[in-house]
């Protein structure tokens, strides 16, 4: 599991006084940098090998400006060419949002999904967690 | 069904040369203004009566800068206090993304879900569409 | 002068209940699409010929969610290879923000500024306005 | 001077392959959290005492995804009720952008500017830097 701490910005809030829902997919994308490095160690977009198939976010509690957010990121499913990333945003000891992203290893030249390379698969396996357990 | 046209901004793109995935939840929120007006006709945030329970987005095809986007918005489920909004982003005659948002009618003072008011329910029913049919 | 109307989204607001300041540079970039088309008619980013040298925004009055914004865009200075775009965001008949952007016609291969092409210069001249007059 | 490191997200990029200009005002706002705490130690938006009068950003060099950004923040002017924050975004040992923000200490009830409180003024003075020197 990867964890990182981020600090909300004022622009992350909305007129209801809390973090706007559209910021969660953005925060989760930022936190996936740790996973992206397994595919593209220097993060050069010209060597990008992933596309996004879907995302979902479940909102569990309000998140606020003024307190750090911990993003927890792990692999919850590892397929042949695609995998699912599960992420949570915690604040003050409780989860405020949980999301899943399905990413596909993609050959941009051939324009089709490609099997996960063996070394990347091995690296991803180290972050494979049973989600029910992780969320406990 | 509500439809509206929006024009991508340069900042909606990312280094892969297409629209970044995090913009879809934002575009869909903008398009929900039409639904928000059914609850709060003047859109005054101090009278807000909705919270978001979850969102998902399925990415069907790349979307690009330089061509208009049509956002289609309808109600696909109408519960007692919550409902599901289904939305699609079309460009050049094909859908690039489809998403669902679960919204809950919420009493911010009592801090709990509240039944949909009868007049709002009636207005929402006019936009209730069988999603399988809409996406056909 | 170019004018276009945009509708604020809920995510454009912040916890002070008004439009967040960081959204103005974004709205102004969206409205510059009209100018970008003079350089790159199909807006294909691979043919892009402009870079940004600076931007400023002066905040004149609060802007709010729930009412349309009119963006006014004109050229206030036309140099050899660079020019200044002045833009205003109006709501309910008064200006809420005014900004300037300095754009440079740029040769991405040679990595240096390039004189404005004659046909583009002519098109820009049609939108050249004395700013003091425009803001009156 | 305050310094903090931030990591670009993929959504910070645009189709030109670098960081989009609209992200700089956002990054600078995030880094002003350090200053905001001098006014509102718990960052509670309901106790907010600042409004923004203007911002500018000068773009000095491209910034890229994949390498950390260091944001440097200091006070370059300290007036009676307003002050100017100067900020720079550095990457790989060179400045990519420099910006100024004019903030006004504001009495939201009386709806007018208010003198800086003595203790805040003292705290701000500790971060007052001659900008020509800082940029050397």
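For clarity, chains are labelled A, B, C and D in written order, and residue numbers in each chain start from 1.
The rule is simple: a residue touches a chain if its C-beta (ideal position, glycine included) is under 8 Å from a C-beta of that chain, and two chains touch if they have at least 3 such contacts.
Chains and their UniProt names: A, B, C, D = Acyl-CoA thioester hydrolase.
These numbers come from a predicted model, not from an experiment.
Where touching is counted per the definition, the chains common to chain A and chain D are B, C. When the partners of chain C are compared with those of chain D, the chains appearing in both lists are A, B. Per-chain Cα centroids separate chain A from chain B by 22 Å. Spacing of chain B relative to chain C, judged by their CA centroids, is 28 angstrom. Separation between the centroids of chain A and chain C, computed from CA atoms only, is 34 Å.
Those residues of chain B in touch with two or more other chains are numbered 10-11, 13-15, 17, 21-22, 26, 29, 45, 65.
On the side of chain D, the complex with chain B involves touching residues 10-11, 13-15, 17-18, 20-23, 65. By the touch criterion given at the top, residues 7, 9-11, 13, 17, 26, 29-30, 32-33, 36, 42-46, 65-66 of chain B touch chain C in their complex. Those residues of chain C that touch chain D in the shared complex are 14-16, 21-22, 25-26, 29, 45, 48, 51-59.
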